[in-house]
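Got a structure here, written out as structure tokens. Questions coming.
Residue numbering begins at 1 within each chain, and the chains themselves are lettered A, B, C, D and E in the order written.
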Amino acid sequence: MSAMFEVRDLRVLYGGHPVVEIPRLTIEEEEVLAIIGPNGSGKSTLLRVLALLEKPAEGQVCFKGQPINYKRSLLPYRRRLALVMQHPILRNTSTFENAATGLRFRHLPEREVKRRVSNWLNKLGIAHLDKRNAHTLSGGESQRACLARALSLEPDLLLLDEPFAALDEPSRVSLIDDLQNILNEVSVTTVFVTHDRSEALIFGKKVAVMMGGRIQQLGTPEEVFSKPSNEAVAAFVGADNIISGLVSKAQNGLVSVDAHEREIVAIGSYAVGERLVLCIRPEDVVIEPYSSAAPITSARNKLKGRVVRCTPLGPQYRVVLDCDFPLVSLISKQSFQELSLVERAEVIASFKASGVHIIGKRV
Amino acid sequence: MSAMFEVRDLRVLYGGHPVVEIPRLTIEEEEVLAIIGPNGSGKSTLLRVLALLEKPAEGQVCFKGQPINYKRSLLPYRRRLALVMQHPILRNTSTFENAATGLRFRHLPEREVKRRVSNWLNKLGIAHLDKRNAHTLSGGESQRACLARALSLEPDLLLLDEPFAALDEPSRVSLIDDLQNILNEVSVTTVFVTHDRSEALIFGKKVAVMMGGRIQQLGTPEEVFSKPSNEAVAAFVGADNIISGLVSKAQNGLVSVDAHEREIVAIGSYAVGERLVLCIRPEDVVIEPYSSAAPITSARNKLKGRVVRCTPLGPQYRVVLDCDFPLVSLISKQSFQELSLVERAEVIASFKASGVHIIGKRV
Amino acid sequence: CASGSKQDTPPPSGPKETGSKEVILATTTSTYDTGLLDMLLPEFQSKTGYLVKPIAVGTGHALAMAARGEADVLLVHAPEDEEEFMRAGNGLDRRLVMHNDFFLVGPPDDPANIKGSRNAAEALAKVEQARAIFISRGDDSGTHKKEKEVWVKSGIKPSGAWYQESGQGMGETLIITSEKRGYTLTDRGTYLALKKSLNLAVLLEKDPILLNIYHVIQVNPAKSPAVNSAGGKALAEYMVAKETQELIGSFGVDKYGEPLFTPDAGKNENELK
Amino acid sequence: MDLIIDGIVQAFWLVVRGDPDVMRVIYLSLLVSGSATLISLFIGVPLGTLMALSRFRGRGFTLSLVNTGMGMPPVVVGLVVSILLWRSGPLGLLHIMYTPAAMVVAQVIIASPIVTGISMAAIAQLDPRLRMQMLGLGASRWQMLWVLFQEARLPLLTALMAGFGGVISEVGAVMMVGGNIKGQTRVLTTATVLETGRGEFGIAIALGIILLLLAYLVNLTLTHLQQQGRPQQ
Amino acid sequence: MDLIIDGIVQAFWLVVRGDPDVMRVIYLSLLVSGSATLISLFIGVPLGTLMALSRFRGRGFTLSLVNTGMGMPPVVVGLVVSILLWRSGPLGLLHIMYTPAAMVVAQVIIASPIVTGISMAAIAQLDPRLRMQMLGLGASRWQMLWVLFQEARLPLLTALMAGFGGVISEVGAVMMVGGNIKGQTRVLTTATVLETGRGEFGIAIALGIILLLLAYLVNLTLTHLQQQGRPQQ
């Protein structure tokens, strides 16, 4: 694997304000990079820079080691990529012609155009709409048409900006499945923006978290979702429990943190008296009835608490406990029913020390 | 509660084809109705009919018992509702003016306009963009602006078409929370379209499943998600395991169904020899190691099977088993790790009889 | 400045090998609108091989063009301006071609009662006294100049709401006069052409001052190297040639029952009055 | 070339001196063409909007008619209006022939198809969902249209300027129905024709320059108005 | 009124008889105005597109100039072109004064601002994201422009028709630079003026009607071409 793109000291300004600021970003060949981040954090802007649609105010974009010269024709680069923009932008012509747009730009023979476009319209489930004016398509159908248009190009580099946002869930799941297979087969370098954490998890081989125009963290999905590099990333990727406290004990790679008068055990080496920020993922918090005989488990932390609120969240329940500090737990519907949780019920919340992530020191 | 809207024998035709066909639909006052369904199923079209933006080819729309007369002015009705369309449509002016659009139509005093708009821009986190031209907003910022525009109207009826599709996840969760509170407080009748099942679950007091222009099921979220009325709905709302077989035994309200040579016990009264379609939600399927001593549980079904594939799905794993028929289970990451599942491993899949839902007879 | 006097002009010669075949004739709209040139020019072109481009514009426009060497030959009817033009050395040869006449027209019921006046000057004085509407061309055309000459003769400086300037060609001015029930001075050709759609009567004619005399002037090739002197000369000579003069004499008889112009080649301007 | 320079110098002096005759001509030009443009806006914008928004039968045919109307020769318009307004004509009783009113009538006929055609294209080019969204926010029909006009302000300004430009520069029709009567119906274009006919090319060009300056000022004012109150980009 | 009816009847007969003089005049009108429109398309559409797409300084000023250009009086254009093309003028050596070529030059000057202004509004009204999306699919600069033109085909057709309508109906400039020479530079409008001057109002109206018919046919053809190959709605 070698670098397809390298971005250095990038700064994009809008109205004088920096919208994207990236000291360095490398995208390897055949890599699938997911970019997540809150609205307005500059994800689409970065994608436009990678598509060479935006000349950055400062910095360099290198394509396969060669710095891009914006004064020369960018066509050779652009012919190797396919972009799906966040809003489906379709021309006022048939769905077929829309999907064929990029192929026509490349002067492909008519037979080949027909073959590829039909194939992709089929895969995306809109083959029956091929003769329809694209402006009459529904939201999801438009997005499929845009995907078909990009995918039929069989590009070296795919740039997708929230490509599944308008798709219904079954279609999205099966499409992601399909795409994953295709990307594995033909090894297309892919950069895609999403606000759906699970899409990033499933799809990305690497995940970049963008916030305020900067890449806050870049790593494997595991890394990013289990070890957020700072509080903001942690809050964004969904580690709801962020607790701070002072180290009260430290030995054998385990630290005890005194948080709101409770002791929390975590893995790490810190000095006594240091102030730490801890992060506990709600999925990692197990709830058991207070009355139950303490069973043998590997959970080192067991905190007594009271149920404050239970909210259904799809097939799960989000239970907020009061353990002198708020602690959130996600449990299955079955468990919820079995535990017959009600407000103000007393329970034990347990979680493993390895489930406690130390984000960093707070001053 | 009385009916705000009643739709009778509705048919909307596009290019001669029926796109929406609804014999009867009632929307009670203060109800929150979620419409889900695959792309192109006519959800947006139905919303347009309810907003009186589309005159149906056939049928009647009654507003508070009065049939709408499309020849008369529809303004009095429209002034009571606020619509957020699927694509954010913003005027080429400032974000503030965009958000104020509906209020200006209603000739509200300037002070009141300022108050309401600022309030909502704030709540939606785009107060700092108020002077910016709305065409420079990012995807999510645009959607927020559209929401602010509709919500500041404080209407009797809110029509939202995938209003959160472009929002990042933390914003979406907090916004849904906020909205839920507001809707509870001021009792706004709300119809909203979504392709996100969990949004429908959280938000809707009723859920309508639309497919091919027809409402396939309408009921509480519980009903729709646990008791899909037919195979298509079941497939769409995510009951991945759909198995058919012949009733081999029937007693005490329990039936045994012979499916692919395996016996599945379910709750229900059917005659021996009848062919049933069963639906088992993946979350309800528990996996335990084959070697383990059979523990005492309430699970009536225990099937031996082999692991075919494991896919990470956010904080969960989707495990496909081969029990002579494919059976899908969703388990937590911890369980996955504890069970140390590998392909071709032998396991026991267990699920309770009450977890098996009988969709209907197949002919 | 003498007008041309040779009756026996030699037959016009063709364009020389080196000379341009294109001859630009700057003329007034009145000659053009009557259709006279449409009759005369094809004849000339087929005889000589020259290509004539008749440019019909206002008199002032025609003279200004010619003074800049933008035309090769002029056919105009503003004697005083023509003399001025010759004095400035812009023309080579000014020859009398033909004349017709002007006359005063007005509403058939003649509210200013000018019918029966002794001459044009007296008639105009009556118009002024009656404060009847008088429409002047006001465009420094030959007709306008003639009108001003008559006013001078009557000793009146016309001004006031009754005296209006149309600033347009003869045809338009006649229509305006008819619509406004006014009086105006017109040339014969235009009046006859428009007669059927006008509600105007001829109220005074045949005053010697009202002669409308056309001259042909060859543009001085010294003014500009681009001037086609041979072609200009040939066309000028064609205009005064005997056969041409006969054609002019018969022009309009079939349409109006009377000739529109009187051929005058070789005559002296003064002997017409 | 000397003539053009001469023209520029004369234009300068005419304006600086404030020659009352010239001022009157300028005033009348603005008055007649301004009114005519305004009236054609009131005809053309609604008509164009109607054609853009509704899908009636024969829309294509009407569109061709409007487009054809852009090619209506001013001379013929002048002639037809004259025939109607002459004393002998069906509207002769109005007695407006050879008055500024008649000129306005003729210019309205010339400008309306231009304004209609461009407005129609401007409105038709807008996203149809904008209309729906505005109605869905409680806009009355007029408020919805007002929003459409605001969104299409650039092409509508072009429609306005093309209409104004078409009539302020037009000479065939005003000449015929106005009569170019000094002090009454003489406007910049007819004065230019007159001076050209007199061979006063310098003055003619000067008048043309004044006319262009006028159009430019009108334009600048409109563009300025249009740009006001725009949010930051 | 009888004059108008007379005109219609005469127009019918002129066309049916196929009067060679009239045919020649029609042919020349189409040739001159057609070429002029075509050339102004090649000037105006790129210029308008440039102004719509790039954000150079003084864009607002240029826009005002273009809009002002729509108000350029044909008489002045005719005069200035004459001055340039006259034998004594700087371009006299071309020897195209009083030829159809000179008429085309004058009409190009008249039509270009119209085409530029409307094209500019048409392209500026398109969603700027369309451009990005097309480039992001590998469009070359020309291919991207081609897509823009296709998307803006309705207003661009309006630009074309307004340009064509402006020049085919124009008389001041062609009269001056063409000279209205029979069989050489006489077009429908100058013939109409001539017939009006001769008091032949019926024939004048007939010629006007023929001109409008011609514009209508051109229009119908263009609209038809534009509608071809559209997908089902």
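Remarks
Note that in this section a residue touches a chain if its C-beta (ideal position, glycine included) is under 8 Å from a C-beta of that chain, and two chains touch if they have at least 3 such contacts.
All values derive from a computational prediction rather than experimental measurement.
Counting only chains that touch, the fewest steps needed to get from chain A to chain E is 1. Of all chain pairs, the one joined by the greatest number of contacting C-beta pairs is D-E. Distance from the chain B centre to the chain E centre is 57 Å, each centre being the mean of its Cα atoms. The geometric centre of chain A is 91 Å away from that of chain C, both derived from CA atoms. Inter-chain spacing, taken between the CA centroids of chain D and chain E, is 17 Å. Counting partner chains per residue, chain B has residues 15, 87, 132, 136 touching two or more of them. For chain E, the set of residues touching two or more other chains reads 196, 201, 232-233. The set of chain C residues touching two or more other chains comprises 172. By the touch criterion stated above, chain C contacts chain E in their complex at residues 24, 29, 32-35, 38, 53-56, 68-70, 169, 171-172, 193-197, 224, 226-227. Within the complex formed with chain D, the residues of chain E that make contact are 1, 3-4, 60, 63-65, 67-76, 79-80, 83-84, 89-90, 113-114, 117-118, 120-122, 124-126, 152, 154-155, 157-158, 161-162, 164-166, 168-172, 176, 188-189, 192-193, 196, 201, 204-205, 207-209, 211-212, 215-216, 219-220, 223, 227. Within the complex formed with chain C, the residues of chain E that make contact are 86-88, 92, 98, 179-182, 184, 194, 196-199, 201. Those residues of chain B lying in contact with chain A across their complex are 14-15, 36-40, 44, 86-87, 132, 136-141, 144, 161-162, 165-171, 195-198, 201-202, 235-236, 238, 281, 283-284, 311-315, 330, 332-334. Within the complex, the chain A residues that touch chain E are 48, 51, 53, 75, 78-83, 85, 87, 89, 91-95, 97, 101-102, 105-106, 131-134, 136, 149-150, 153, 159.
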